[in-house]
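Each structure below appears as structure tokens.
Here come two complexes built around subunit A, the first alongside subunit B, the second alongside subunit C.
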Partner chain A sequence: MTKSLDVPPKGGFSFDLCRRNDMLEKKGLKAPTYLKTGTTIVGLVFKDGIILGADTRATEGPIVADKNCEKIHYMAPNIYCCGAGTAADTEAVTDMVSSQLQLHRYHTGRESRVVTALTLLKRHLFNYQGHVSAALVLGGVDITGPHLHTIYPHGSTDTLPFATMGSGSLAAMSVFESKYQENLTREQGVKLVVEAICAGIFNDLGSGSNVDVCVITKGNKEYLRNHLTPNPRTFVNPKGFTFSKKTEVLSTKIIPLKEKVEVIEGDAMEE
Partner chain B sequence: MDSVADSQRTLYPYVTGSSVVAIKYKDGILMAADMGGSYGSTLRYKSVERLKPIGKHSLLGASGEISDFQEIMRYLDELILVDNMWDDGNSLGPKEVHNYLTRVMYNRRNKFNPLWNSLVLGGVKKGEKYLGTVNMIGINYEDNHVATGLGNHLARPILRDEWNENLTFEEGVKLLEKCMRVLLYRDRSAVNKIQISKITEEGATVYPPFSLRTYWEFSAFQNPTAGAEGSW
Partner chain C sequence: MDQVDFNAPHSMGTTIIGVTYNGGVVLGADSRTSTGVYVANRASDKITKLTDNVYVCRSGSAADSQVVSDYVRYFLHQHTIQLGQPATVKVAANLVRLLAYNNKNNLQTGLIVGGWDKYEGGQIYGVPLGGTIVQQPFAIGGSGSSYLYGFFDQAWKEGMTQDEAEELVKKAVSLAIARDGASGGVVRTVIINSEGVTRNFYPGDQLPIWHDELESHNSLLDILGAPEPMNI
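After this line comes the complex of A and B, so read on.
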């Protein structure tokens, strides 16, 4: 009598539920679709490096959950990554790869390369077969030059001179396709990126609020948070707010906190 | 509904045309569409005229099922013929034709037997310019610039930014070419054989087809995977 050995799962994708999902789908159950959560993210290569751009709206179905979130994530001092898709997935995967890159920098003693970040991200995303819903625009300048890549949730990548992702990607891409040229100056590049993000903000319902821009060149980076705010709050109550019911203060006692341990000032950790 | 009637309802399109883009300009309406008729993912017909003049004052552009477009042309021919037979010096303007099309499309939708098209109807009558659109479920509206299908996502943002009331004919054509070029790059069912037509108070003109110039010489396209093996 042969008994099959119970082999513990070694990691990677577990295909156990696939037969059951197939059966359910045949019976008429609609599988949950991937949410292309509202975003417009873009990147382009200009004469001296890379410019990344993103809008700042985070949506939860039809509701705007965060009016001013940060979609341009730090990966390395010379590499930044814009993320579209499920916010938790983009945040977690970029944080994870950023830490891996830092450890790698300590190990090699060299500046991180964009292809390193690219390979770490695509291997992780492919491993999860598209269930980690992160669509990324990765850009940076390393010793081999400026690089711009897009990474799709299933793990495929493209190397492009200009790229857009997210629900507003068609509106932004129409701006890039009609106006992009090679060897733009910094001013022209930032202007084009801002135009593309604004096309997403004003023509796509999933994108909105402000424009974030990040300019990366050799040896230098500029993170321009809220570079453009084309959606200010138009009507603000001129009277301001008064809180009528005040709690009566009976007595006041102030105790200053005494330092028990001497804190030596060290280098602040990078963001 | 019995099975015979069932087999005569439109369930999916077979031969389809891609987007139509149209704008109001100084003297009237400018409309552009490519000449492709796709049969699923094959490019079956490469000389399909999807822009047609209607009566004296209107221009119709259609995307979607080509056979349903030909049926709509038969309905409109009958409409214009009956209008001419009245011989009263009056003729149907673009607003009236658009209204007629909206009613036809919506009523077919209510019977679960739609005409699988998105239509653009533009024209000038007595100096007044009109540009409207209606689709297979009866959604209709009018605006200074309209597009069907993927044109809504790729061309409308450009038009919202760059359209103004006083475009000359040359500026209008240049703007439409810009939109059609983006559609050519990014719509898989687009073909590089474009037709532009205009309608003014004098009448309608459908211009002969032409090709757009495209640019593929970006240095990043020459050797895309330099330094990033496994990418493309």
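After this line comes the complex of A and C, so read on.
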């Protein structure tokens, strides 16, 4: 009788579940589709800077996976980026470029410029030849002024005074094409952006829920999360939620961490 | 009805033209960038600067042509610093050609390089899909160029003045826009000569009207008049 040797587990990937997935697929189970943000995202240039807008619905095929997701991503204190397409791709690519911008800021000692973010994003997306499915509206105000760009999954970019992307972009663009003018005030700009996103929310099945707005001006930014909520839950249980098993607190102990760095006034270095 | 596919590669249907005249070159292009049947940008600028004296007209895949012109701009910048004087149009065109030829399996972009230098004056080089480089007195490219071969055979002549050349380019782009669905928007021209570079912009209402075209209006209400009020 031969006994099979017990081989110790090696490092690296374990592909055990691949056989199980293949077997399940053959039995007729459909693999879950990746989470797409159906989306309406917009941006426009107004008198003092940039206004970005986005809806908040994330879809998994025909199902709404997240009713209130955040599609306006932080890139730098003066630059924000709206993302449409595969949610994982937009999150990952904006996070990655945001870190690269921070390192660049430490390196140069200056505020990040929108064209820097633009070039980093377009190079990454071009290198992946469109397989990173991220369509972005990048906007910000830097030392050279306000800038608004669209970036497509294959890596091409456009510079425009007003832009829309995502499945609801046609609905939103129709609003912009009729009503956009140069040198709008902040109120007019926000109103137009909200109108464009609402056009996407109500006329496109891939977009819905609430409107997020972000206003960026020289030296200042306002992230208006859920600026408008035109789709509240119609039937809410008046009892609310009660979680039955409460976790009992037995004792509390708070330990303050040590101070991180002590800055000591020293003498200047001498040669 | 076609569903708009936002993951479709962003292509510039395009009409691009480059023409030499007695003193320099005139480059011209339309301004439409399409994603499938949706016009993603109706006012794009397809004439990109490589150096102060050399510009390139881009057609085909928007991403590929932007990346190629970015790399060539970078190489030319280095080359200018090393050389100590402005780069020649021939060098610029050859850099474009080297990128286009050596990456021919992965790129889909046709380019027209045009500029002025003190050695050879105004020159136009066509770098179409496979990466050939051809110096020509005039070059046309993009999907709209199919409609212009006959027009140029008849209308082109040697030794035009700057105004004649610009009129020719403007007329040609506008003819192509009239017949090619993938070209549209405005006509942009760039004139490069010993004195420098002049950019011009011609919106739709300044272009001539061709066979069966209607006059442009700002609003449909101008043609239709005010609608009748509804009666309940």
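One rule holds for everything that comes next: the second predicted complex is superposed on the first by the 200 of 271 C-alpha atoms of A that agree within 3 Å, B and C clash if a C-alpha of one lies under 4 Å from a C-alpha of the other, contacts with A are read in each partner's own complex, and residues count from 1 in each chain.
Methods note: a contact is a pair of C-beta atoms (placed from the backbone, for glycine too) under 8 Å apart; a residue touches a chain by one contact, two chains touch by 3 or more.
It should be emphasised that the depicted structure is a prediction, and the values quoted were computed from it without experimental measurement.
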Partner chain(s) touched by A:G208 [first = subunit B, second = subunit C, both, neither]: neither
Touching partner for A:S174 - first (subunit B), second (subunit C), both, neither: first
Which of subunit B and subunit C A:E182 touches, first, second, both or neither: first
Which superposed partner A:T157 touches (first subunit B, second subunit C, both, neither): both
Which superposed partner A:P146 touches (first subunit B, second subunit C, both, neither): neither
Partner chain in contact with A:G53 - subunit B first, subunit C second, else both or neither: neither
First (subunit B), second (subunit C), both or neither touched by A:A199: first
First, second, both or neither for A:G83, with subunit B first and subunit C second: neither
First, second, both or neither for A:V45, with subunit B first and subunit C second: first
Set intersection of subunit A contacts, subunit C complex versus subunit B complex: 122, 157-158, 160, 170
Contact footprint of subunit C on subunit A as seen in their complex: 84-85, 122, 125-126, 129-130, 133, 135, 150, 152-158, 160, 165-167, 169-170
Parts of subunit C lying in touch with subunit A, wherever the complex brings them together: 4, 6-7, 9-10, 33, 35, 38, 40-41, 43-44, 61-63, 66-67, 106
Subunit B to subunit A touching residues, read off their complex: 150, 153-158, 160-161, 178-179, 181-182, 185-186, 218-221, 224-225, 227-228, 230-232
In the complex, subunit A residues that touch subunit B: 45, 114-115, 118-119, 122, 144-145, 147-149, 157-161, 170-171, 173-175, 177-178, 182, 195, 199, 202-203
